Amino acid sequence: MSAISALPPGTLLIAGALLLPLLRGAALKAWLLALPLLSFAHQLQAPEAGPPLQFFGLELVLLRADPLALAFGVVFHLAALIAALYALQLQDRMQHAAGLLYAGAAIAALFAGDLITLFIFWEFTALASVLLIWARRSERARHAGLRYLVVQVGSGVLLLAGAALHYRATGSLAFGALAPQSPGGALILLAFGVKAAFPLLHNWLQDAYPEATVTGTVFLSAFTTKLAIYALARGFAGTELLIPIGVTMTFFPIFYAVVENDMRRVLAYSLNNQLGYMVVGIGVGTPLALSGTVAHAFSHIIYKSLLFMAMGAVLLRVGRIGASQLGGLYRSMPWTTAFCIVGAVSISGLPLFSGFISKSLILSAAAEQHHTVAWAMLIIASAGVLKHSGIKIPYFAFFAHDSGLRVREAPLPMLIAMGAAATACLVIGVWPQLLYDILPHPVNYEPYTAAHVIGQLQLLLFAALAFALLLRFRIYPPELRATNLDTDWLYRRALPAAIRAAARAQRRLRAAAQTRAARLGHALIAWLRRHHTPPGLLGEPWSAGATALWAALLLAASLLLFYLRTAAAG
Amino acid sequence: MSDSDSMQRWHLRMREKPVLRIVAKRFIPFVLLFALYVQFHGDYGPGGGFQAGVIFAAGLILYAMIFGREALEKVAPPRAVEIAAALGVLLYTGVGVATMLGGGNFLAYGALDSHDPMHGQHLGILLVEAGVGITVAAVMTAVYFCYAGRGAGE
Amino acid sequence: MIGGGLLHYWVVIALMMTGLYTMIARQNLVKKIMGLNIFQVSVILFYVSLGKVAGGTAPILKELAPGEPAPLYSNPLPHVLMLTAIVVGVAVTALGLALVVRIRAAYGTVEEDALRKLDEEERAERSTGGGA
Amino acid sequence: MTHLPVLQIALPLIAAPLCVLLRHARAVQIFAVLVAWACLGIALALLGAALPGGAISYELGGWPAPLGIEYRVDLANAFVLVVVSALGAVVLPIGPGRRGHAVPPRREYLFYASFLLCMAGLMGVAITGDIFNVFVFLEISSLAAYTLIALGRQRQALRAAFSYLMMGTIGGTFVLIGIGFLYQMTGTLNMADLQRLLPAVQQSRSVHAAFAFLTVGIGIKLAVFPLHQWLPNAYSFAPPAVSAFLASTATKVAYYLLVRLAFGVFGTAYVFGALGLGALLLPLALLAMFVGALAAIYQSDLKRLLAYSSVSQIGYMILGLSFGTATGLTGGLVHIANHALTKGGLFLAVACIVAQTGSSALSDLRGLSRRMPWTFAAIAIGGLGLIGAPGTAGFVSKWYLVLAALSAGRPEVAFAVLLSSLLAGIYVWRVLEAAWFRDPVQSAPRGEAPLRILIPTWVLIGASLYFGVFTEWTAGIAEAAARQLLEGAP
């Protein structure tokens, strides 16, 4: 027992996943559900710190269970349980294994006390999670997965390089607060930033998540980026640079989310936007802000999983997920509709639902620290959230025009999983203290003051009104490249045209850049391929004579080098 | 197979050259004897196993060229040649092992005779050179078999 | 003196370049082996010339008359070393020729460009055969 | 026991002719395997004796050192001896392979004899303290290696062996010339003696030339880019056991030799300070890393892919050497062991596949992981090792290389190391993708490879995992050996 408690939580999931090939039928299902619970029990009895481990001269701390890690651990376990439940009816053992491995690695990464251990599990999550994309077994998924893997492994490479630099500079590998100014710290920040989908580093997210399997996306949405948020919170709390980055993150995806047709891609954009709040929270860095970040990560994992689950259920039953191809599904999938609406109102921050609780924490923390501009921007952005996630998702999927689709309701395990997530959203929203109790810093915050509630409701009402008006005047058909219009009427009147133009220009620019880069990349790859495939110069051994010639040339080169060096020295 | 044909024709033609046959027959014993001289003179002057082995093999190969490969195979069966090569190496390394058993370092010939190291030196160098000679002669003959025998089995 | 007393170096270098050139330029595998041989011989000459001591005699011990000065010997060590190198050379040549013989049996040619073409054809055949 | 150093070499040398005398295939196999295991035992005992830090010297024929031939064991070469004999001990039991092979059973004894000779030659290069002896052993091992490669099943094996013979002999002859120059300048062949005498004459052009010839000559044996051309064909057409053994030892011994000469004979200050060898090796190493990995990506045959990956991995080792620092050298030396285990295991896994399917083409691997789960698990782990994923031995080496690059003030080189491991990820992925995600071909084999091959495979792969975590015996020794070499301890 003591040996197990010295291991970080999550390793149990990894080990358990390796047993999967031996099980089948009911035992398999039971094991899938039992594992997250067992692992959670493991976390509960974890000591504060495990014994250090000697690893070729470096001291590694596999287990460091402080409140921050524990808080994330709770929500990761909850997400793993819900996702496992959601995936229960699946016949694909590889996906089960990959999901559990992925969750296990992500949880274990939370408890890493040093950068090397963090790196190991960091890469492990990348490797395990890509299987969830590849498991869809389509050509598109294969390519998206490969791009995803390259980015994820690349972030790991940056992390390792940063760790090495950091080790050189400080002689310590401990994973604590890092200095973003030092070269090592900057590289590590960049590595975290890639994984947290910072603006301009974010493309992999929208690229890969919609290509994953129905259940795979649920896992993906829970762990990868939140692990990065955790790492940022641990290493770079209070870094002011993160505030503008976070604000940008909350804003720019809104434009894309509004114009996007693929519902799961809309959610991927909104995921990005939600991460922005957390990044701002980390940037503010006060105990309240950090608690808000953790709380927001907590509630976000649950409602975003819920939304992905609902969309996954739609995809499973309908086989399509474009907004223009759906509609009127509330008749045939009433439960899914209901749960989806719960998720939507949570993400929009309606009082009595989880998003309201956690977002308010971050906003208050920003206000307390007098980051007024950021505060205002976040408020505006949250109205945008309502439009693209809170209304667009349920409206176009389940209502709008009746597409005539008549399908069966989602399978029971999926419904149970969604129900559990929806309940969690509601419970947290009604009894916020339950959430506040597990936060790393004690929180004395009362979200349900009249001012808060009324302010938020006003905001939401205006946003809803705007959406209705737009629909009424047919400015908001799903296939139209629409702009984001916010509650602020000045904003709405003065800038729409500019924004529309900007969005279009940016899209065109991006497309052009992409094709140019793609053409360049293709040319480069073709060149490499030509020279490295067997008939090419470097892909096929030359004759013995050619090597003799090279040997002679190399000899001449080295003689010349040595002669010049010594002549210069003499 | 054309190679083996031309080989046979070569031997047939050799049959018709009595001068070569007679001279070779008289000459070869002296070649072999000279090989032995070089072998054992190596103890005192220029000479030794390498040279002796090559000369010995040259004698054998000359014999095969005049009288045919089959004739040489009767004298020195390929299997025996192979064993001789192995035994030669074993003789060399065996001396090394013997010196170690005698308490000296590997190939420290002095250890071969506990009473008179000088005598041991002589014995050691003699045996080692004999091993080298046997190996070289056998290997050169084997190389000849390898090329000359080509086509016979195909 | 021709070559400023470095004549043996020039001979060695000329032989070495001849050998290397033969290996690089000739397509015939047997000729390549010959080039290799010339190359090795040049090194043997190089070593042998190292051992020569000007005015030295053959390094054979002889009984000295009382009062007779010990004669100046050439260094025998390089010669001994070359004995080993010659053995190595013979082994390499024998093995190389044996390989040539078997290549001839397997391919029917000993010209390198022809061999290369045969191999490429075989691979092309295999890859189309494997794709079908 | 005092005679261990010479027994290390003499045992396989005596055993090889005994194999010829024994002839009977089964008896020879058992005998040869026992000899190989005994060699491993001796090597381990030597390593144990060298651990305290001194050097064990053994004078052949009882002649004192500068005159006679000396065998000299210190940490660096004891380490190499263990790697070589361990690989031999694990790989030899597999034998020349049964399926449609060029070796008829009645000639199998020649395979074992050649294999033992090759082992003896490689270990001889490592153990001897006499530089001419190095040449002799180098040629013994090379001649045996040419023979072994020519035993391959396809006719291309003959061509590969011939090319290797040509290039290997050029390399060997270059080494011989270099030795000649050294002897000319110092009058000694003993390496310790050379180290003592060289500083006095090191400004002479003959010594520069000696070092240039030695570097290029060894470079051919080591397959430094662009002298690696013999390697891909030789490794891909040789019998599987031979590929596994040569890929994991032959180039490593050449690497050791280069290290020994650069640090132990010529001296760090001369080689890296005066001559600037690093400036020559660094670009070659980087080119090797990328060209090898890229070429591996586009290969259509698994053995060739692994062979090109070897080119790339050799680049890492050269890179470690090119810094001329203790950390870099540690990285290079530890990669000797780590890459030997990983690549040996991978080539043995290929032997498993070939034993079952008769082919190692990537297109024939489709869906095989379902039929041969153990084999492909080994390939997956080995592949991760090539990438340098943490938890595998490959990571340990890369860590040291990255550290060395950073401490040498070359972060861009560190980045290149990491980038090329991304390329490794791509070629490894190609293999795994074919085996896991494609549907099996009709003629897929019935099941897992025979244990005779599978067990050695897993011994090596398991060891590579073990040494990925517990590095006392690899990185620990490599570090001490590097320090010993750099301090120029006599």
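Going in written order, the chains are labelled A, B, C and D, and every chain counts its residues from 1.
Assume a residue touches a chain if its C-beta (ideal position, glycine included) is under 8 Å from a C-beta of that chain, and two chains touch if they have at least 3 such contacts.
Please read all numbers here as calculations on a predicted model, not as lab measurements.
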| item | value |
| --- | --- |
| Central chain of the complex, centres being mean CA coordinates | D |
| Computed distance of Cα centres, chain D from chain B, in Å | 36 |
| CA centroid of chain B to CA centroid of chain C, Å | 23 |
| Chain centre separation in whole Å, for chain B relative to chain A (CA means) | 78 |
| Inter-centroid spacing, chain D versus chain A (mean Cα positions, whole Å) | 44 |
| In chain C, residues with contacts to at least two other chains | 20, 23, 32 |
| In chain A, residues with contacts to at least two other chains | 534, 543-544, 546, 548 |
| Overlap residues in chain D, where contacts from two or more other chains coincide | 162, 166, 170, 300 |
| Full enumeration of touching chain pairs | A-C, A-D, B-C, B-D, C-D |
| Touching residues on chain D, where the partner in the complex is chain A | 162-163, 166-167, 170-171, 174, 203, 205, 208-209, 211-213, 215-216, 219-220, 226-227, 229-233, 274-276, 279-280, 291, 294-295, 297-300, 389-391, 396, 399, 402-403, 406-407, 411, 414-415, 418-419, 421-422, 425, 429, 437, 469, 471, 475-476, 479 |
| Touching residues (chain side chain B, partner chain C) in the complex | 45-46, 50, 136, 143, 146-147, 150, 154 |
| Chain A contact footprint on chain C (complex, rising order) | 20, 23-26, 32, 112, 116, 120, 123 |
| In the complex, chain A residues that touch chain D | 55-57, 116, 119-120, 123, 134, 137, 142, 146, 149-150, 153-154, 157, 160-161, 164-165, 167-168, 183, 528-529, 532-534, 536, 538-539, 541-544, 546-548, 550-551, 554-555, 557-559, 561-563, 565-566, 569-570 |
| In the complex with chain B, residue positions of chain C that touch it | 58, 60, 83, 86-87, 94, 97-98, 101, 105 |
